[in-house]
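Step one of this worksheet: look at the structure below.
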Amino acid sequence: MSEEKFDFTIDNLGPCTIPSPIKLSTVHGDYTANYVSDDSYVISNVNVFDKTKPVVLDSSNLMEKAGPREKIYFDPTHAKAGICTCGGLCPGLNDVIRAIVRCLNTRYGVKTIKGYQYGFRGFFPESGYEPLELDRYLIDEIHKIGGTYLGTSRGGGQRVSEIVDCIERDGINMLFILGGDGTQRGSYDIACEVEKRGLKCAVVGVPKTVDNDLMFIDRSFGFETAVQRAKETVAAVHMEAASQINGIGLVKLMGREAGFIAAAAALSSHETNFCLIPEVPFEMEGEHGFLACLERRLAKRGHAVIVVSEGAGQDLLQATGATDASGNKKLSDIGVFLKSEIEKYFKAKNIEINLKYIDPSYQVRASVTTASDSIYCERLGNNAVHAAMAGKTKCVIGLVHDKFVHLPIKAVTAHRNAVDPEGSLWRDTLDATGQPILMVNDKDKALEKMAAAVAGAKSKPSEQKKGK
Amino acid sequence: MSEEKFDFTIDNLGPCTIPSPIKLSTVHGDYTANYVSDDSYVISNVNVFDKTKPVVLDSSNLMEKAGPREKIYFDPTHAKAGICTCGGLCPGLNDVIRAIVRCLNTRYGVKTIKGYQYGFRGFFPESGYEPLELDRYLIDEIHKIGGTYLGTSRGGGQRVSEIVDCIERDGINMLFILGGDGTQRGSYDIACEVEKRGLKCAVVGVPKTVDNDLMFIDRSFGFETAVQRAKETVAAVHMEAASQINGIGLVKLMGREAGFIAAAAALSSHETNFCLIPEVPFEMEGEHGFLACLERRLAKRGHAVIVVSEGAGQDLLQATGATDASGNKKLSDIGVFLKSEIEKYFKAKNIEINLKYIDPSYQVRASVTTASDSIYCERLGNNAVHAAMAGKTKCVIGLVHDKFVHLPIKAVTAHRNAVDPEGSLWRDTLDATGQPILMVNDKDKALEKMAAAVAGAKSKPSEQKKGK
Amino acid sequence: MSEEKFDFTIDNLGPCTIPSPIKLSTVHGDYTANYVSDDSYVISNVNVFDKTKPVVLDSSNLMEKAGPREKIYFDPTHAKAGICTCGGLCPGLNDVIRAIVRCLNTRYGVKTIKGYQYGFRGFFPESGYEPLELDRYLIDEIHKIGGTYLGTSRGGGQRVSEIVDCIERDGINMLFILGGDGTQRGSYDIACEVEKRGLKCAVVGVPKTVDNDLMFIDRSFGFETAVQRAKETVAAVHMEAASQINGIGLVKLMGREAGFIAAAAALSSHETNFCLIPEVPFEMEGEHGFLACLERRLAKRGHAVIVVSEGAGQDLLQATGATDASGNKKLSDIGVFLKSEIEKYFKAKNIEINLKYIDPSYQVRASVTTASDSIYCERLGNNAVHAAMAGKTKCVIGLVHDKFVHLPIKAVTAHRNAVDPEGSLWRDTLDATGQPILMVNDKDKALEKMAAAVAGAKSKPSEQKKGK
Amino acid sequence: MSEEKFDFTIDNLGPCTIPSPIKLSTVHGDYTANYVSDDSYVISNVNVFDKTKPVVLDSSNLMEKAGPREKIYFDPTHAKAGICTCGGLCPGLNDVIRAIVRCLNTRYGVKTIKGYQYGFRGFFPESGYEPLELDRYLIDEIHKIGGTYLGTSRGGGQRVSEIVDCIERDGINMLFILGGDGTQRGSYDIACEVEKRGLKCAVVGVPKTVDNDLMFIDRSFGFETAVQRAKETVAAVHMEAASQINGIGLVKLMGREAGFIAAAAALSSHETNFCLIPEVPFEMEGEHGFLACLERRLAKRGHAVIVVSEGAGQDLLQATGATDASGNKKLSDIGVFLKSEIEKYFKAKNIEINLKYIDPSYQVRASVTTASDSIYCERLGNNAVHAAMAGKTKCVIGLVHDKFVHLPIKAVTAHRNAVDPEGSLWRDTLDATGQPILMVNDKDKALEKMAAAVAGAKSKPSEQKKGK
C-alpha cells in the first residue's frame, strides 16, 4: 500500500533578526517560559506496526512546533496586522479574533490591527466596508457572544489580485485568515501573489471547519461546542420520539463530507438508534435497507432516533430521482428526503408513526464556546501571532498530538479527513447505536459501488488517522 | 539530562485462544471495523529536537494500542466481571460504568456483572454492602446523573488479601477499578495477589483524576467537565468583584499537586487576574509579593479575580505560622488563608475591599459530563472491556496522542504529572491573566528554595509533556 | 360594553364525610398547615375602574380555592386513580405526573394508580396498551427528563362511551387528565357520562397549553420553560444574522392562536426587531407593509431578527394564493411563507440578504422544566389530588392571582386567551422590538377587516386580562 | 383578629399637564396600546372568606396601576434622570438599568441620564466616583452579564442631605433607586428632603430583594433566577451525598429573615430531605430534634440533603453557646454551625458520615437572569420610567396579581414578608421533603417560645399572603 506523502516544511519570509519583545527565557529552571526553537518538531505519524522499521525523520513526518521565537522577523513597533473571517459560522471565531488581537497588542506591542469585514468582501473597495481598527479593549468581551465580530461572507478568495492590492495599500505585514479549506486555498494564492510582488506580508491561517474534517490535526476548533449543542438537540428529539406512538426523531446535523459531528452526537447522546454519515453508504429499500431496519426497531422498542449528516446518502437522492426537479435545492436535502421517504413507507404499510424532524444547524454554529474550545481558540490565536511575527507564511496553526504546530496550507488542503468506517470511532458509534454495520441488500455489489465512489471523492479517511 | 525510563510492556494472563464473539473484520475495504492486533503501537515520545537521532522503538517508547482482539482470553459465556469506583467524585464515573456494563453485556454476552459498592468497602463482608447485579437495562440512564451509581469511599486498597478473597469467592474473572493513583496502586497489588494465588482474573483500571495529573495521557476523563463548571464559577465571582468597590473574587479549585484545573479555568474564563498553582511558588509579603501585586491591580482596575488551586502555596501556610493551631485542618486551607491575609493586609492599609470567596469543588465534581467527556468515558469503558476480555492485566486505559492505549499501572503511578512552569500552557495562562511571572522578592533565593522543594516532591512536570 | 359572564361554581360528587388522613390543622398558631375550606375564595376580576361600584361577590367573580379539605369524599384505602396525558408535548408533564402519584401515594395512601398510556388510546382495549401500575418509586426520577412518561397521542376524546367503559371496568374513582382545551372538553363529556351512569369518579384536569392561551389563569405550566428555550434560539439566530451581510434571522415559535411565546421571547431576548403574532394582522406589500419595514431596518442596521408565531398572518397565506396548491400543508406554514416571500422580495430588488430560518418547536416542547415551572407543576399536581379526593369534578386546577383555585372546565374552555394588542404586554413588546405599531397601508381598511376577523374567531383577548 | 391597614395612596409632584410624547391611544379597537389612567386600580386583598361582606374599595385595598399616562409632569426634552443600585447583588440589576435607560431615551427622548456609581457613594464628592453618562447604546448589552453595571455598595442612605445636595447640583428631576428595604427607606427620606427643599425630583424605587421578602408583591425580580441556580447546586450536592456512605449534602442559601429561596429550592429540586428556614424554629438535640431526625433518615436511606436559609435557627447559635467567642462572625453562620454540630453528633455515636457543605450564594446572586426574570425586569424598568415621568414619587414599582402597580415606599417597607408556616407553600415544601412538621421535643413549650420571638420580629408573614 503506497501512502501519500506530504511535505511539512514551513515557508519563511526571511531570516529572523529582531529580538522578541516578549522576554521569555532560553534556559530551564528559572520558572520562566522558554522560547520555542525552529528545530523543535513533533512526529506526525505515531503509529507503529513494525518495530524493526525505523521511524522516518524528514519533512514528511516532522511538524514544526509553534510558539514564540527568540528572534522575530517583523519589528513590532512598525508592523501592521490584518484579520478576517470567511465562510460559514463556527463556534469560537470571536475567541480566536480576541486572542490574536490581544497577543499582537499586549505581548508584542503591535498598534495597527485592521479587522477586514465580512470575509474577503472587506478587501474590495466597492463593498464599502471599511476595516475596523481593533485593539484589546474593543474586543475584550466578544468571546461571550457567538458569531463573528468581523462579519463573514462566502467566496471572494479568487479575487487574489484585488485582495493583495488592498494589503499593499494598507501596508499590512501579517494577515490572519480564519476560514475553511476553500478559504485557505485562497490564503495560499494570496501568499504567493504577495511573494511575487515582493511584499513583506506573512499569511497565517487558522483553519475553521465545524465538520472537523481537517487532515492531520487532533480536532478543529468549535467542534466540541457543536457536539455539545448537537447532543442537546438529540436529547430533545429523543424525548419527543419516546413520548409518541411509534415516535421517530430525525435530526440533521452538519457534515458535508465527513460524519464526525453526527458520530460524536450519537456517541455522546446514548439515545441515537441510527447514525447516517457520508462515509458509509446505505440503501433505503429492501429487507436489509434502512427503512426495514427502522421498522424492526419500531416494532421492538416503539420509538427511534435518527441522526443524519447533511452529506449522507447523497447517491440516494439521485437514485430515487428526487433531484429531477431541476435546481430545487430543497430536494437534495437528505433530512427532508428521509422524512418524506419514511412517511411514505409507513403510510403504505398503514403503520402509524409520529415523526419529528429538526435541523438545529444555525443554533449549533452560532453558539458560544465551551470552556475547552475557548481555551483551544485562545491558544490557536496566540500561536498564529507567534508564527506571523516570526515571518512564517503559507501556513496554518494546528493541534497535533496535543501540541501546537505549523502546517503548510498546501498539505492541509490536499484532502479532507473523514470518519474511517473501519476505525475505532465508527466502531464505538455502531456499538452505541446498535444499528447494523451496513444497511445494504447485496453487500458485494454495494462494496463495489462504494469503492468507485471513494476513488472519485475529494474527501477520504486520512492515512494519518487510520491507526486510531 | 538523564530522563527517567518507563517500561510500557503490558502483562497478559496467558495466550488468547478463544475467537471473539463480536465479529469484526481482519481485512480492509469491507466497511467493517477491524480487530486491533497486539503489534499495534503508538510512539510515546513524539518530540524531536535532533533529527539525526533515530527514534527509540522499544518498550520504553511504544505503547500498546487498545481495542478488541480477534482472539480473546476469557470465554464470555462463563466469565464473571466486577466493577468498583474508589476515591473522590469525578464527572463521568457513571458514563464509564455504563459503557463497561453495556460492552460486556451487549457486545461480549457476559451475563454476570457485579457492582461492588462504596469503593473497596463492597469487598469486605463486614461492611454489609452486597454487590449489585448489573445489566444494561439497570444502568441505561445513569450517565444522566452525576456522582457514582456504585457509591464510593476512600481507602481500603491495602486490605489486598481480603479483596482477593472476595474475588475468589465470587469467581470474578475481570475486575474494573475506577480510581486515582492511590487506588491504582491498590489495583496493582490486587493483581499481584491474584497472580500469586493462581487465579484467572484480569485487573484493568480506568484512571480517575479530576486534577488531570496523570502521566502520559492526553487528559483524564471528567477534566473538561470540571473546567466547564469552574469557568462558570469564575464568571460569577468576576461579576461580584466587578460590581463592588475594590471587589476581589477568590475561587479555590481542585488541584492538590497540579494546577491544571486552575490554569484551564483562568485561560477559559478570560477574567482571571491571578492564577496560583502548586507548581509555581509565590510570596505574600514584599514589594514583589502577591499582596502588593494585588494592591497594584486594584489601584489600576478597581477589582481583581484570583483563582487558586487547593495545593498552591502550601509552604506559606507553614511559613506564616498559620498551622500552629494544632490539628486545625481549616488553617491549612489556602483559600481561607488567602482570604484572611488579604483582608488583614488591606485593613492595615485602611483600604476598603469587598472580598467574595467561593469553593465550588462539590458542584464541579458531581456534575454531569459535557458531550466530549461523555464520549471519552464511553470509549474508555469499551476499551477497558476489550483489554480485560483479552486477558490484559495490571494495566489502565489511556488516551495518548488521541489514540486509546494500554498503560502499565506501574508506569502511570510512578509520578504525577504537573503543569510545566516553563511550558506553553503556563505561558498562555500568564498571558491571559497578565500577572507577573514570579511573585517573589529575591528571585535567586526563591529559585533555590523551589529547586529543593521540587527535588522532594512526588509530583513533577512529566518529561513526556515538556515539549508541549 | 356587555361583558361575558362565567359561572365558577364547582361540581361535587357528593358530601364529604371521611376525615382526611393527611392530618393538617384547623387552628392558627400551631405551625401546622391548615386545611382549606370550601368557603375560601379568590376574587377573579381585580380590576377597578370605578371605586363607587361595589365588587360583585357571586359565582361569576369568586373562584374556589384549591387545597386539602378536612373531610374528603373518597376513602383513600379503597380509592383507585387513573392518569393520562393527551395532545402535544409541553415542558412539565412528567413533573405533574410525579406530583399526582406522590401526593396520592404518600399523602393519602392511595395504592392503585393506573397510568393510561398514549393519551386516550390507553383506554381502548384494541390499542393493546395496558395501563402502567404507578407508584412513587417508579416515577421518582421522571421529572429529570422531558416528554411524558405515559406517552401521549392526539384525539380519541370523542369516544366518550368507550373511555367510561374502561373507567367502569377498572373501577377508577378519580381520573386526572393532563391536556389542552380540546382534551378538557373531552374530560367534561367523560365526567357527564360518568355521572349519567351513576359512577363515582371525579374527573380533574390539569390544563396544558404551552401557548399560554388559557383563560383566567396567571400562566400555564411549561410556558416559562418554553420561553427560556425560545430565548436561547433567538439569541443564536441573532448571532447568525449579525455576522452576515444583511443577515436575517427568522424564528418560528409555537402559538396557534395566541402570540404569548413569541412576545415573551421578543421581550426576553432584547434582540428581536419584528415580532409577528396572530392577534395583530399585518400586510406584506406596500410602503408600510412588513417587507418595506424590513428593508428599512436592514438599510439602517445591516441585520434583522424576526420572531413569528405559527398562527400569525394566516390571512396572508390565503390572500397571496399561497395555499392554492391543494392540500400542501407546507404552504400554510407562515415560517416557510415568510422565508420565501422575503427572499423573493430582495431578489427582485437585487439586494443581497442572508436569511437563516429555524423552527425550534420540538426542542422547546420536550425540554426539562426550569425551577419555577418545576415548582408550579408540583403544586398543580398536589392540588389536583386534593380536589379529586374531595370529590370535586368537571374542574381543572389553575393559578389565579398567585393562588391555586378550582375552575370549571366549562368556563376555561369557553374561549382562549390571547395577547391584547392594546394592553401592556404588547406595548412593552413593541418598545423592545422598535417595530411599527401596525404594518398595514390603509389603517382604517385594515381595522375593519380585523374587526370582522375577530368577530369570527374562537380566541379573543380575555376581558379578565384587559386591565393588565 | 385586627389586621394592620396600609395606605396605598401614591404621592405626586403636581398636576400633569404635558402631553406624553410616546403617542399611545385613548380608544379601544385601534390596535394601539392605551394610556393608563390614574383611576385604574387593582384590588390588593383578593381573599374572600365571607361572601356577604362587601369588599373594601378605598386606599387601603386599591393599588394604583402603573403604566404610561396621557399627560406627564416633566418635559422630557429638559428632564434629567439619575439611577443608582445599592446593597448586595441580585440577578437582574442590569436588566432593570437597561430598561430604564432605554425607556427614558427611546420612548420619552430624555437625553441626560446619569448613572451614579457604587450605590449612594456616587453621590458623595469625596468618593471620587463621577457619574456615568448613560445612553441606550452604552447599556445595550449589559443584560447579558450579571452584577451591576453601575457598581454597588452598602450604606450611605442616611447621608440624606449630601445626596440631595448632589441631586440639586446635578439638576436631577427623577431618581431611580434599585435597592432593598433599607435602601428604600433611604429613598423615602431623600424624597422628603427633596420636597422640603422645593426641588422637582421624583424618587421612584425598584425594590430589590433576592430573598423575595417584599410585602404585597407577587415576587421580587431575580428570585426565580436565584431559585434556578440554587436548584442546580442542590442537585450537585445530592449527587455527592448519594455517592457516599451516609453522605450528607448541606447547602446554605440566601434568606436572612425569609425562607423563600430555601423552600423553593427544596420544592424544585425534589431531592431535599430537610429544609430549614427562619420562620420555623427547630431544636438540635432530643429525640425529636433535627439531629435525631437526620440520623433516622440516614439509617433508612443512606444519605440526606439539607437546605438551610442563612437566617434559620439563629436562636440555636446562642443557645449552644456557639457565639460566646465575642465578635467571631463565623460562629453565627448557621451553615458552619450545622456542619460542626452534625459532625460532632455522629462522631460521638461513632457513625461514619461524609458531609459536604456548600454555600453557593455568590454564584446565585451574580447570575444572568432567566428569560422570565429578564422580562420582569424589563417591564419593571419601563413602568418605573412611566411613573417618574408622571411625577409619581415616594413609590416603588411592584407586580401584584400579575399587574404592575405603584406602591408607596412607606407601605412596602413597613414589614417584611415571610413564609407562612401554615400556608400552602410550606405545606407543599414539607410534602416534598418528607421532614417532620416540627423538629422540637416539647411542642407546647416551643410554640410559646416562638410566639414570643415572632412578636419581637421585624419580619412576619404578610396578612396579604395568608390566603395563599
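Each chain carries a letter (A, B, C and D) given by its place in the written order, and its residues are counted from 1.
FYI, a contact is a pair of C-beta atoms (placed from the backbone, for glycine too) under 8 Å apart; a residue touches a chain by one contact, two chains touch by 3 or more.
Note that this is a predicted model, so its numbers are computed, not measured.
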Subject >> Label of the chain whose CA centroid is most distant from the centroid of chain C >> reply: B
**OP:** With residue numbering as the guide, point to the option in A-C, B-D or C-D that repeats A-B in over half of the contact pairs.
**Re:** C-D
**OP:** Indicate whether more than half of the residue numbers at the chain C-chain D interface occur in both copies; give same if so and different if not.
**Re:** same
Subject >> Between chain C and chain A, distance of the C-alpha-averaged centres to the nearest whole Å >> reply: 42
Original post:
How many angstrom lie between the CA centroids of chain C and chain D, rounded to a whole number?
Top reply: 29
Original post:
Can you give the whole-Å distance between the Cα centres of chain B and chain C?
Top reply: 47
**OP:** For chain A, jot down the residues that touch at least 2 other chains.
**Re:** 145
Original post:
For the complex, which residues does chain D have touching chain B?
Top reply: 89, 118, 121, 145-148, 151-153, 232-233, 235-237, 239-240, 242-245, 249, 356, 358-360, 362-363, 365-367
Original post:
Where on chain D is chain C touching in the complex?
Top reply: 24-25, 28-34, 36, 39-43, 46-52, 54-55, 57-58, 62, 65, 67-68, 98, 102-103, 106-107, 143, 218, 224, 227-228, 230-231, 264-265, 267-268, 270, 280, 370-372, 374-375, 378-379, 382, 401-404, 421-424, 426-428, 430-432, 434, 437-438, 447, 450-451, 467-468
